[in-house]
Structures are given as structure tokens and as C-alpha cells.
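Next come two complexes built around chain A: one with chain B, the other with chain C.
== the complex of A and B ==
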């Protein structure tokens, strides 16, 4: 009987049960399971690499904005008519001239919006000045004032004889009478002086921001000529349209941080024949420091010099009987620079980021003296030099007498005379202008009688053009750099983005906005400075050293480190949770079955 | 050219950079002459510089300088940038005092060495670029790369002194750049002919046979260009004994005889000038021991008539070289990867010591200055410094005159030890030992070839009482060579010891992953079994087992 009872008691344990199954173990395993599931995102978050938030939206909008509307600077053009007929003394005449001028300029410049140019963002004003009074027409009348009637025509007659004197006269006249604004981007002026001459007129461009036409000229001709001057020179820097259309600033040899190193080298091909020396300190003082100063708003220029020996050229030359000299042709120019033997090292050579322009004076050896450059049309180059874009310029300088008296080991030392230096430096200046993208003075195609040369090598209106284009390019380049950075960061989720990069991007964007503001206000120098800053910060962010190292933090690394722990643990947890749940359900079924059966028993 | 810019940019008052391959053999090549004491350098790269910048900018200037130089010379000098790699010795390193008026120069001095740097032609080319004619003309044109690097020893040195930032004491104007190339070459030896009784005879040689090129005239820009050939004083003595007749200066026919030491050796080219040099002024009058210097002026030679200086021996001659009064060597003691000790021994060369002035007096002492830099992972215990003189341990305070120690700081600065010892002149040997523990490095601090061991830079041992200089006998005005005037400057005798190779405990570099895998597996096991234990029902399982057995016997459960 007792045995039977025991059997009865045990039987339901296997096949059915009389109580609800205990939930302790189920809750425990489920607790572990869910905390595992919930903990996983937290854990992944804690292992996630740090990425500073970058303003992707602002970068995107800056880039779009700049590609849609290239940076344009406001320009103002002012024409002054002096000594025109007394019969038209009314306001309508001035307004008519202004309208004509505007139409003419639009016709010449067309509707293309050159990046860094004035685009259609310019205003025109006209002043008709009689000695007794004057009429002004056009925008910005109070800002660009012309002191009416204060110009003494009789005084003018004498000064007009010399271009340079008249240039300075107008400049000082405007300065005296408050006609100049403090910042660059001031109005450009053409002064038309009507006076009796042998039925011709003369057009001259000064080295400041004005040009003048004088002589016998009708109003219509004067207007069209002045419009040409405005568009072709003051707006576009005297460079042809084709050259000038897109991204001019890109080819300017200026490093990202706005620094340029001018390295002057004097190469003595064979010192056994002769050795030339120069007084570079003098060159620096007389020729270079004004240029460096003039270009200061554009670039931070430093000058270095060196003298090298045993530096033969790499190309061949041949003897020409007719010219009695050794000839190297333009085809040989790519091979002229001997990079094996010319150690044109500079102090920044190792530093990397700065831009170096080499200016080389090559003194040939006695074996190839005189050495002259033959142009493709068979004539001899007058400068005997050539330039290589973004590299620099080379001049071949032949000694006055090519014969060496004796092949002795004696050293024959010469020093460049000051005339020679002037010659050499003139060519170098021309090459420097070309490297910066400006034409040399002789090669303008418009009917210009004279351009007053500046001792700085660059006229102010030319510098304005360079500054405008470089600022626009800087801004464009910083936008593209930031855009590439944001693309890179977004495409590589495993890349750490340091706070510093975020800060640099922010600074770059701020500087870019500031540059745009300054540009729209017409403050060229300020726009240039802040655009340069924008570019420097953008480059610094893009080339931040931390970016490079992080690119090699692979996914495999995570797998290798975390899988030995998490895979076995997860297996245990999942299996335990699954088994407990299944068991609980099974047991509950049994209980229900028993419960349903119980009343029947 | 670019170096002038560097000098101005970094405001360097004095700087010396040397690249050396091989170790100067002080026992065979001499240790008491100006060449060995001024030009023998430790293997690898050594750089020191004195800056004229404010105290707090010196370290940053040093780091910029190392970067600039490593770019210029295509070498890894930039590794000296970290503060663990350089030190600032206070008085022992530049043992030429009174060079500068102000005594604060020591705090502006930085010294660094890379003993393992391999030196080759890519370091020589930038060095040659500093010469006006490079290797296109002049003496440098004989520098044929395979023969230079095939020799026993070569050391290129660059020394810059700038008066611009210096004191008024210096007589030089502007910036002075000295470039020195020291070579010990191996002439082609015909072994079958030149072995006599097992000893190697000095082979005959000439510039042409050594370099494969001959001197074809000077660089036109050089002010003077000379080849100097020195016969050491011991050799001159030997030659005298062998009966070679030494022809004196100023022969009747105005030149020199072509065979200067008749019957023993023959110079291939007649020298332009013959100079006699003595070691100290006292012996200037009694010409007992002097060395002879033959001077060849390169200006006289040209491509058609090249200069090929050489010596051919007619009889075998053996002579000693001019050794330093002490031979120094440094070695490691102890075994294992935990600790060890460094020993520096000085062994006297008695014959030389007799020539040192005052060495006969009983209370004569010799001052020895030891300068030693140890990297931070060699943790030196300075209290364990022990000094033995002639095998007897001596109290440190008896021997040491002056000591300056700056202990290393882990991963911040190396240890620096500067000692000035005063040992009796008649000492046979002296030894100095100091114990150290080997530190543990982080896994990322090991170089790529970690099992090779770590190099301990050479120690510098100098004898400030002894000057290695030559004095002219006779006409003093006849020299015009900067090298000769350099010989006559005061050069304290100094030796560099060997570079030591310290093996450190090297880990298995796959270890981090192994450790991770192992610990993770253990943790996972622990976690899993804990979880299992928690959810097991022991009672139920037992009952289940029991019931299973019963089920077998009485199978009527399923009703």
C-alpha cells in the first residue's frame, strides 16, 4: 500500500504536475538575457571611437553656394570728362554718358561671371567737369567724389607732357581732395581731357588706379575707349579673356599658407674658366624689397640667394657660324635644367609646404660661350632667358668676352656690374609677372600708347586683379577641401575625428564667411587675408596627422579582441534563456493539463 | 648654403655632427695625436650643439634642428628629438674650457647620439654638397664611394662655429664651417708576398691604388689645397735604426731627394716641403723623437700630371703607434634579463706614461673625465659605483674629484653620469663598475628588430691634463694649411669606448592577442558554468533519473 502511494506521488512529477512551475530560474536567465541584449548597444557605444561633430551641412551649403555664385567683388568705375563743350551744360548730358558707358561695358564684358572678377557687380558713374561747375551722375556719388572745378586746366597743360608726372599729379590731387577711399577696391577712374591736339589722342594707364585719355576726341569715342579700359584692364588685368576665364588664382605660385620663397641662384657652369659673383645684398635692397612690399597683401615673400659651381646644363648646344655663338633652341628647354647637378636647395626645402620659385642666372663655361636661345622663328631671344610655370625662370648670362686667356688653374673672378644686374633683374621681374599670370608691358593688344611702369613691378590695379582672383581661388579651394574632408569622414565610419579637426573646420568656415562679407563690401585686402586663413585652416584639418593613422584601424581587430569572450558567453546566455523558457512552457502545460483533469478525478 | 640659414634660424653658436661607421682602433691607429683625439668619433651619429636662445626655448630649438638635419642628411637624426634621446652635460663633455667667456654655455649645450645609425653614401652626398666644388674637382674628387666604404673606418664630421652669436673671445669672423672626413683604408694586400713570419708587412700603397683615382688639381675656389703625409715619430726612430739616411731640409740643389729614406722606403712623389713636428716643447731642442710631415701642394698638379702620393717599402719595418696613456674599454657584466653591471677599465700603456710631464714624481695624479649617457631603460644605481685601482677597491671619495649625476626618469630623460677621477700616474689599471636593472618597455616601444638588443652609446673618456698637439720645429711661418694649424691647437686627449649591446627581455609580440584569447576563454567558461549552476535543478534531475530507471521496469506512465 505504502509503495503504491509513493508511486502515485511521483508519477505526476514526470508526466503532469499539481503546482505552477517555479519562475525563479526563468526570471534569472531572462534577466541575464535581457541585460545582455540591452547592454550590447551601451557596450558598443562605449567602444565607439570619438568623432567630433563636423558641420556637414554648412560645408555642403558653402560648397554649393560657391559653385553656384562665384565670389564677385564690387567694382566702381568713374569717368571724368574735362573740358567738354559748354553747350551741353545740363544733368541730362551726364546721365546720357553714364547710360552709354554702362551699355558699352556690358557689351564688352558680356554676361559671364568670372570667378574673382567683378562680374556684373559693378557700378558706373560719370562726372562732367567744367571749371565753373559740374554734373555728376551714377551710383555712389557721395562715396566716390570728384572735387569739381578744382583742377586747374592751365596747370594741366604742362604736366600732361610727362605721363609719370601726370599720374602722380592725379593721385596727389585725389588724395588732397579726399577722393580716395582708404581700402583697396576703390573706384577706378578714367579722366578724359578734351584739348586741341593734332586731331589725335593719347591713352595712358597709370600705375595707380587711373588712366587718362587726352586730345581731341568725341564723347562717343571717349566712352567706348573708357569702357574698354575699364573692362580689359581694370577689371581683367589686361589679360585675354581665354586665359582668364576660370580659376586664375589656381596657377598663382603661392603656397597654401600664402608664403612664397624666391630663391636666386647664380650658377657657374665651370669655375675653372671664370667665376662670377654678385652683390646680392644690393640686389635685395634696390630691386627686390619694393616688390616684396608691393606683393605683401597677396603673399608673404622671403628671398634667398646662393652661388653654385660646377653646374653644367643638361641639354646640348651647337655652334652656329652665322651667329658666331652656341645655340640652344626652344625644343631643348625641357632638358636645360640639370636636376642632378644643380643643387638648388633652399632653407625651406625640407619643410615641404611652402612654394619655391627659382630664379637662375646661368653663366656658361668657355666651351659653350656665348650661349644664346633661338626662338622657333629663327631669331635670337632678346632676354636670353625662359621661364617654366610654377618652377621659376632662367637667364643665360654670357660673359662679355668669351675667351679665356690661358687654361691655367688660376681663378678669374668677376663681379656683376650694376648695369648687368639691372638687365638681369628686369628680365626676372618680367618672369615673375608672368609667373603670377600678368602680361609683360609690351604685349597688350588694345590701342594703348603708354603704361606707366611701377618701380615695384606691379601696378596697383594689377595687384587688385591678383588679389581678387587669389582670394576667390582661396575660398574656392577651402570649400573643396572641406567638402572632400566631409566626404572622407562620412565614408569612413571607423575614423577618429579629433576635436582639433572640428575646431579647424569651424575656424575655416568662419573665415570663409568673413571673406565673403569683406568681398561684398569691397575690402579686397581683408577678403584676401580671411580667405587665406580659411584655406590654411581647411588644409590643416584635411592634413591633420591623426587622420592618417586611424585609417588602419581594421574591423578584424574588433573581431579578434571581442569574439573570444562574447561568442561563448552569448551562446550560454541564449541557450540558457531558450531552454528555461521552453521548460517553463512545458511545465505550465502539464500543470494546466492536470488542473483541467483534476475536477474529473 | 642652406646651413647658413640653419645657423641663423636656430641661433647656433657651435654645432658638431658626425657620421661614423666602424670604431677607431686606438691601439693600432693611435690615440695621442690630434687626428685621433679630434676626429675619432663614436660609431653611428653624434650631434651636439650650443644654442644662443633663451633657456626655455632650447629644447624646442633642438628638436627643430634635429628635424632639419635629418632632412638634409637623409638620416634618422630626428629620433634625437625626444627628450629620452638627448642630454645636457654640464662640464665633462666639452673639455676645452675657456672657449667661451660666459660659463653658462653648458646649460645651452645639448648632446645626442644614435649608435645604431647606418652610415652610407646618402649621408656623404649632402655633406659633399656643402663643398663649393662638391666632388667635381679638387681633393674631394678622389672620393670613390666603394673604396671609402670598403675601408676599416670612416667618419664624416661637420663643425659649425658662429661668431655672430658667440662671445668676443673668438677671433674668427662670421660663421665657420669645418668639414672633416677621416678614413682608415685597407690597401690591397698581396698576402703571399707580404707575409713574413706570420706578421703582416705594411703594404706599399699610393692614392691611386687606394682610391682608384688620383688627385687632378685643386678646386679653383680653394684658397689652399694640400696633401700631407706623416711619418710617425716611432717610425722615424725605426728608420733611423735601420740605417736609412735621413736627408735634411734645404738640399744644395734646392729640392729634396726622391728617396728620402734610402733603402727602406721610397716616396713616389717628391714632396714640396718637409716639416718636423714634435710632441712637446721641451724636446724641441733635442730632436730625439719627432715625426715628419711631407706636404704636397695640389696646385702644382693637373689632369695631365696627376698627383699620386704613395710609399713603397723596401724592407719590412715594424713600429708602434702613438698610443694614449690609457687604453679604455667598456663591457657588460652579469647575466639574465633582470640586471647587470657596466664596467669601464683603464689599462695604462707604461711607455707612453713616461713621456707625460711630471709622471716621475710620487704624488703625480692623472685626471680622467668620464662622460656617460645611459638610456632610461638601463636603470643605473649610482650608489653601487665601485672603483678599483690596481685591482684594489678604493673608497669612491678618495678617487673622485668631481661627480655630476642626473638620474634617468622613465620615458622622460636618460641618465647622465659625469665623473672626474684623479688616479696616480703609476697606476697599472683602474676599473669602475656600476650596477643597473633592466627596465621593461611597453610593447610599442620596441624597435622592429627587438631581439637584436639595445645599444648603449659610447662613453667619452678624456684626459684634460694631456694635450695632443704638435709643435713645429724650425720655421713656424711655413705652414699655410688649416689642417696643420688645427694640429697645433690644444686638443685634450680623448677616447670613445665601445658601443655596448644590452639584450632586454623581449616579449612575444603576438602576446596581447594570446592574452586576450586566453583570459576571454577563461572568463567565458566561468560565466557559462556559473549560469549553468544557477539554473540547474539538482533535486528534479535526480528524481528524473530515478523515474527513468523505474520507467524501464514499470512502464505505465502514459495512461
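== the complex of A and C ==
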């Protein structure tokens, strides 16, 4: 060491040295430096967040596809002309009628494609049946869609006395003779029977999938009337223009998992006056189970009931001398439900996300009996019932005698008799139909004399309309849910996405495709089931409890968390490595310089 | 010489890279996704209220009294318990320091016991966390959570969201241990809107610097009012010498005064509510934000949010399926007369609110006279318009200083 220094002092040239520079420092600094470099990818890998891969592209394409082509179902409309004159016995006449029918229908329905309707994807056919022969025109000419000549017109007169009987007659006739063939989609029929001896005609819509016009009518009138029936009723459910005409599926009171709970409550406002009771098991058996079965493809319905006591209402009523009753008006309706004391939402069967529809029978107390609803035009309501969309309905039931003189009567329980039950359940059925978006009563159109009521609460053609709309809505909703999910996942890059979510998304997409296929094949119920499945999976994925949005970490947070660990050390390591390398190269150059000089010495 | 030049070039290259990284991060942090949709085609079906008290401990008595007063008001005006989500720490009524056990008052005259009958608290005590709050809003619960703890609103619901507690610039403190940021709230509300969980949302915030909590909102259909602006405190109304703590906050006190004058059948409008706040009495400025809300405020009745006016339709006739009757009475079609909630379908574009936020509220002058230096410092800060870029440049400068100094000294 001392020798070296002496040597350097003696050397006039400081740019050379006689030995190689030591490499220990260099190796040390470079070792630390490279271990930093090598360790960085391992570190980043350990900080990486597990995200299951989601098929973003398929979700996007499904969403775009559905917004441009809303789900439409194929429908077939078939008209049968019976009893018309024999002068036009050719195929041309039948085809002309078909063309006319199609035109009229286009004219009435317009060209807007209501989501879940038949769209413009429907087919029309006409059969003209004479006793001697018949001509069928239409898309399925080779298939027998009407058994020609088998309907005996003279028999019809007796049967026609009752609409319901005629309905069943035609239904059984069609089934016997194979008229209900499998079309793509469902086939709806209008049977036009021309009887010259009548004065006018009568139009009735049955509760299966057909309607009839009976009486004296010309072909042209029959065609336009039948076109109206097809479009307004069989396609659009008899709703007409209203709140629900577009996108009606949204307001159907069905939960995301396709279940509905019907909760029936009997409210005794003041049990000191009288106590009412009902045999709900009987009600369920007789009235409700056909309805539940009929609605099975649409929703999974469960029914429960309770009886409550001491449940006064929250609004006021006043005594009217003329009507001899207590009146409450439509202005009081919004305040009728006394939510503080009516514990309606106490269902034990309802899961977290179910939809509950409340049906309430309210029995007023003695000092408000009888309680009737007065409409704005002064008339008294015939049903005494009202409903709130997506909530349910209420009926005010007045006991037969409002006096409480008989003390003994006070202590006995009054049970609803069968006639009372029929009355109550009919109003409930009307309310249920209103909740589902249909009309509670029958014809609103002067041309339609009657619509046969079904003891299942809904006619088959009405169920078709509901199923179509709901399936379309389910599909649309699942597409938008998946789209929001993919947007959410992409916008939060630091959020964990579990495998389960990926699986659910895949299942939802598969079910959505299946639903579209089923719809195009015309299988309404299957389409509804798979669209419901698609929605269930989409909602399960979106509402998965592990997706939390408190993961907003701006870049500054990451910098702030990691920089105290790495930045000071890294800075020194880098600087040290760099400087050491520079020093080593400088010293080595000095050595080479000396080495090159040495031979000269 | 060569070596030195090379070193200098490397520094500038490094600083360029760092600068680029910082800029990129600054831009990335402002990303938010806008989505356009119109909620006005839906029908108003029901009202919900989510009332959150984010404080615990005895000295925050007034926050619990605030929330309970609003709960009582909202129930009186008609919203049932099943549509109210009440989140309270609930440690006041039975607190050992409460000289009126099981009673909570919001006024020193003790006329009204808020903790009296029928108080249904959904989330109490330590269940009031940011996570549970966000789960309530977005609807992402575990399957076992009961219906009474869920916000079961749909696309026709109007929701009132009331939050009170201690807050600050862009955050709200929860139970003294965690906080929710305004961006988290805005994101949660956007997810609610995407899933159709509300038709309209009214946010009322009674904390210090309340207006900053909803400064990041970007979902249409949201109306928000806060009790104070950025830089202002919200004050309590009065101290109750019997109970020993302040019992109500000013903003909530004047809100309640407004509602005490109201009953179920009234239809005072939201603009009369918002205009009833007097900054002198509040000692802060009640600021509301209506750029995301389409309807004009003087046409919105307060019962649209604070009450529960159920939309009822008369059932015209029964469905005569069971008695076999074939004759039907002539129909009379009745539409509900007071149709205060069906809006026309106006397709309006969402205004980008970035620019408007900055201009809407400027930093108000704090009372001067504390510190000349502070005043100078504040003036300096005011000069700098874009604080984030300033911070980034500052960080860069610091890093350069550190690198250069360690280079030179090593």
C-alpha cells in the first residue's frame, strides 16, 4: 500500500497505473444491481391480481345484436270462412282474401317492431270452406290446417247460445280433426260463419287461441274485422295504446329469478266489532291453483296468506247521507295503505330478491261501515277495489250488516261464504291481470261483443303475449346486465374477478343463444325458460358479493405505497453500480495506457 | 469529460421518462366512464329512504339525533319501514352517559322523544361500515342477508339518501375508523343507475365540506344538496345543557322545521325547500347540484322523495271467470287524477360536469387575521390553478434533487 503511494507520487503521469483495478467492489455493486433487476418481474407477479378472463367481445356482440334485432317470435294467423256464397269457388278468391288480410294487418300494426311481439315475422293463411269443397291458401298450402266440410253449420245454432260452450266446441273440434298442427310459433284462428238469416254479426274471442264472427257479414268486413282481432288482441294482448304498449316486459312483477310470491292478507280493522276469517286452503285449491299452473311457464309462483288484526287505515272518510255510507274518493287512494301498522311484508318464504305482490282484503270497523269508493264522476265503484302497479291490490269488503247491536255476533268469527269468495277472488283476478299489464275486464272496443273469461285467470292467447314480452325483456335485461358487468370489470383493473363469475357469464351467454334459437323456432315456452335462465345467471354474476367497488386506487396511491420501499434504495444502488462501473473502466484504461507505454520504457 | 457529458444526458433522459410516467398517471386517474340514458320513460312506483349516521361515541349525539329526526319525518309522511334502510351506531339511547335513558332528543325542550315507538334500525353498531353501505347501494349482498336489510328498489323508485357525520374534502368518515371517498360514492351510484335501481336520487349530506362529497357524481337523475361548501364547516344548532352535548345540526334543524309545517296532503316543491335555507342562520352555504337532474325543481313536490304517494289505479271491473257469467257491464276507464310523476320522454344529453365542477364552487375566503404567513401561503396556492400538475412537477423536482445530491455526495 505504501509502495503504491510512493510509486504514484513519483509518477509524473496520473493517467496510468501498474495493476489491474480491483474487481470486488464492481462485482458487489453489479450483483446487487442485477438482483434488483431480476427480482422485479417476480415481485410484480406476486402483486398481480387474479382476474378470471371474461368474454368481453361476446358480451359486446350480444348486446349490439339485441339492440338492433329485438327478439321476435313467429306467429301464424289463420282465417276460416264458412257459409259464404258459392259464386267464388276458386283458389284465386282465397288468395285474394289472404292478400287483403295481410295488407290490412300491415296497415293496422304499422311497421314498428315491438320488442317481444310478432314483429313482421308473421304468416297469414286463409281457408274458404264450402260444403262441397274448400280452398286453402297461405304459407302452408300443403298442410291440412282446417278439416274441410266437417263442421255442420246447422248444429251451431244451438251451441251458440252460450259463448263458452261454443268455444269448447271449436276447441275440441280442432283437436279431434288435427287442426292444431305444429306451426312455427303458435297459430291463431278466426272462424267467420256467415248466416244470411241473421240481422247483424257478433264477434267473440275465446279463451284458447281462436275467435269467431257469427252472423250476416260480407267478406270485406270480415277481413277487416279479423285483421283487427289478430293485431289488437292476438298480437298485442288487447292492451292497445297505453303505458305498457312499448317495452311492457319491464313492468311485469316478476323477480329476476323468475319467481313471484302472492301474499294474501285479510285485515280486520277493529276486531272488537267483528272478526272475519277465510278458509285459505279451499281458496288455494279452487281458485288459485289453476292460475298458478297456467302461469307456470311465465313465473314460478308461490302463494301465502295471513290474517291481521287491529289494522286501521291511514286516510279519512266522510259520511254521505244520500248513499248511506262512508265515502272515500280516489284522492284518498294514495294514502290508504297505512304502512306503519299494516305489516304486510313479513313473508318467510320470500328470498332476498323475490318480488312480492300483496293482495289485501280490508274489513272496515263499525264506525266506518259501509265504506265505499266514489269515483270522480260521482258513481260508486262496483268492485270497491284498487291496485298499485308492482305492489299489489286492495279490496274493501263491507260486512252484510253494519250494525253491532248483536253482541253475540261480535264474538263469533265470520267466515267468508263461497259466494263472497267468488266475488272477492274475481276482483283479485282482475287486479292480478292489471298487475301483469292486461286489462281486468273485457271488451273496450264496441266491435267486440264478448271475450270469454278463463277460470285460469288468463286466456291462452293472453299468456302467449305475456310469455313473448317477458322472454324478450329477460333477454334484453341479461344483455344489458352483462354489458354493465364487463364495463365495470374493465374500469377497475385492480379488482379481483373470481372464477365463479366467469362461469356464470359463460352460462348466461349460452342460455341467451339458446333462447334466441328457441324463439326463432317458435317454441314460446322453451324460449321463456332459457331467457329466464340467461337472466338469472347474468344477475348472479353482476350481483356477486365479491365485486366491491371500493377499489379505486389512483396511480398516486401505488406510487405512495411502494416508493418509500424502493426509491431511496434503488436510487443508491443504481448510482453506485453506475459509478463503480465508470470507475472500473477508467482505472482499466489507465492500466492499459501504462501497459502500452511500458514497452517503450 | 466524455464521461460527465454522458452522465448529464442520462439524467435528462431519465427525467423525461419519469415526467412521462407522471403525466400518464395524472391522466389515468381522471378516467371515468360516461353513459347516456334517459330515466324519464319509467313510471314512479315507490319511494325509498337510506338514512346513514356515520358517527359513534357520545359526543356525536347530534348526528344520531339528526338521522332519527329525519327517519321520523319520512315515516310520518308515509314511507313505511320496509322501504327505509336506517344505519345507526345506536349507542346513544342506552349510553351510560345518557341522563335520559332510552330517550334521544333533538331539541332542548325535550318535547319529542325520537327513540320512542317503532324505530327499526337495520344496520346498527359496528355493522355500519363503508362496505355494508356500498353493498346496500349496489345490492351485492350475500344470499343470507334478509330482505329488511336490502335496498329492493326498482327502476321506478325515488330514493332519498341522507348522510350525516364528520366529513372533509371529498371524503366522509365512517365510525372513526374508515372513510368513503367521493369517487367511490359516485361509482356506486353509477352502478345503481346501470342496473336500474333508481329513477331519481336525492342526496342530502350534513357534514363539514359536504358539497365535496358529491362533486364527483356523473350519473343522470341525481340531485344533491350539501350543508356546506368546500372549506366551510357545518355547525350544530344548540347545546342541551341537561343532556350535555349538542343535540342537532343546523342544516337538519332547518330541514325539519320546513317539514313540520307540511302534512301528507301538501305538495310544496323542492325548490321551496332548497330556498328555505338561510346562509346566515346556517353559518354555512347550503349548496345543491342540479346539473344531473332533468326536471325543474319547482315542479318536483317534496313528497316525491320524502313521502310515499303510492300510485293507485281503480279496478274497473272484476274478471268474471269464476261465476260463469257471460254478460259484462259497460266499462268506464279511470286514469289516476293526480299524475305528478309521469315525465315526458325528453332525451337530453348529459353535460360533462368536469368543467362545471371547477367553476361552480371556488374556495371561499376563510376569515382572515389568523396568520399573515398563512394568508400569503393561501394566496400562493390560489395562484396555482392546476394543483395536480403542480404536485407532479414538485415530485419530479424532489426526485431530481435527491438523485443529483446522492450522485454528487457518493
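Side notes on the structure shown:
Everything below uses one rule, namely that the second predicted complex is superposed on the first by the 491 of 601 C-alpha atoms of A that agree within 3 Å, B and C clash if a C-alpha of one lies under 4 Å from a C-alpha of the other, contacts with A are read in each partner's own complex, and residues count from 1 in each chain.
To be clear about the criterion, contacts are C-beta pairs under 8 Å (C-beta built on N, C-alpha and C of every residue); 3 or more make two chains touch, one makes a residue touch a chain.
Just so it is clear, the model here is predicted, and its values are computed rather than measured.
In the superposed pair of complexes, A:573 makes contact with chain B only, with no contact to chain C. When both complexes are overlaid on chain A, the residue A:487 reaches chain C alone and has no touch with chain B. Residue contacts after overlaying the shared chain place A:376 against chain C, while chain B stays out of touching range. Comparing chain B with chain C, more residues of chain A are touched by C. Residue contacts after overlaying the shared chain place A:35 against neither chain B nor chain C. In the superposition on chain A, A:19 makes contact with neither chain B nor chain C. In the superposed model, A:103 lies in contact with neither chain B nor chain C.
Once the two complexes are overlaid on the shared chain, A:545 sits against chain C while remaining clear of chain B. Applying the stated contact rule after C-alpha superposition, one finds that A:345 touches each of chain B and chain C. Contact with neither chain B nor chain C is seen for A:175 once the two complexes are overlaid on the shared chain. Contacts of chain A with chain B, set against its contacts with chain C after fitting on chain A, overlap at residues 345, 347, 350, 567-568, 571-572, 576, 579.
Per the touch definition, chain A reaches chain B in the complex via residues 7, 10-11, 13-15, 25, 28-29, 32, 271-272, 275, 304, 306, 308-310, 343, 345-347, 349-350, 409-411, 560-561, 564-565, 567-569, 571-573, 576, 579-580. Considering their complex, residues 162-164, 243, 247, 250-251, 287, 314, 330-331, 333-337, 339-340, 344-345, 347, 350-354, 373, 375-377, 379, 381-383, 385-391, 393, 422-423, 425-427, 429-431, 433-434, 440-444, 450, 452-457, 480-481, 484, 487-488, 491, 542-545, 547-550, 552, 554-556, 559, 567-568, 571-572, 575-576, 579, 582, 586 of chain A touch chain C. Only residues 1-2, 5-6, 9, 67-68, 71-72, 129, 132-134, 136-137, 217-221, 299, 302, 513, 516-517, 520-521, 523-525, 527-528, 531-532, 534-535, 537, 540, 543-544, 546-547, 550-551, 554, 557-558 of chain B touch chain A when the two sit together in their complex. Those residues of chain C lying in contact with chain A across their complex are 3, 24-26, 28-29, 31, 33, 35, 41-43, 45-46, 75, 78-83, 118, 130-131, 134-135, 138-143, 145-147, 150, 152, 154-156, 180-181, 183-184, 187-188, 191, 194-195, 264-265, 308-324, 326, 328-329, 331-334, 336-338, 399, 402-403, 406-407, 410.
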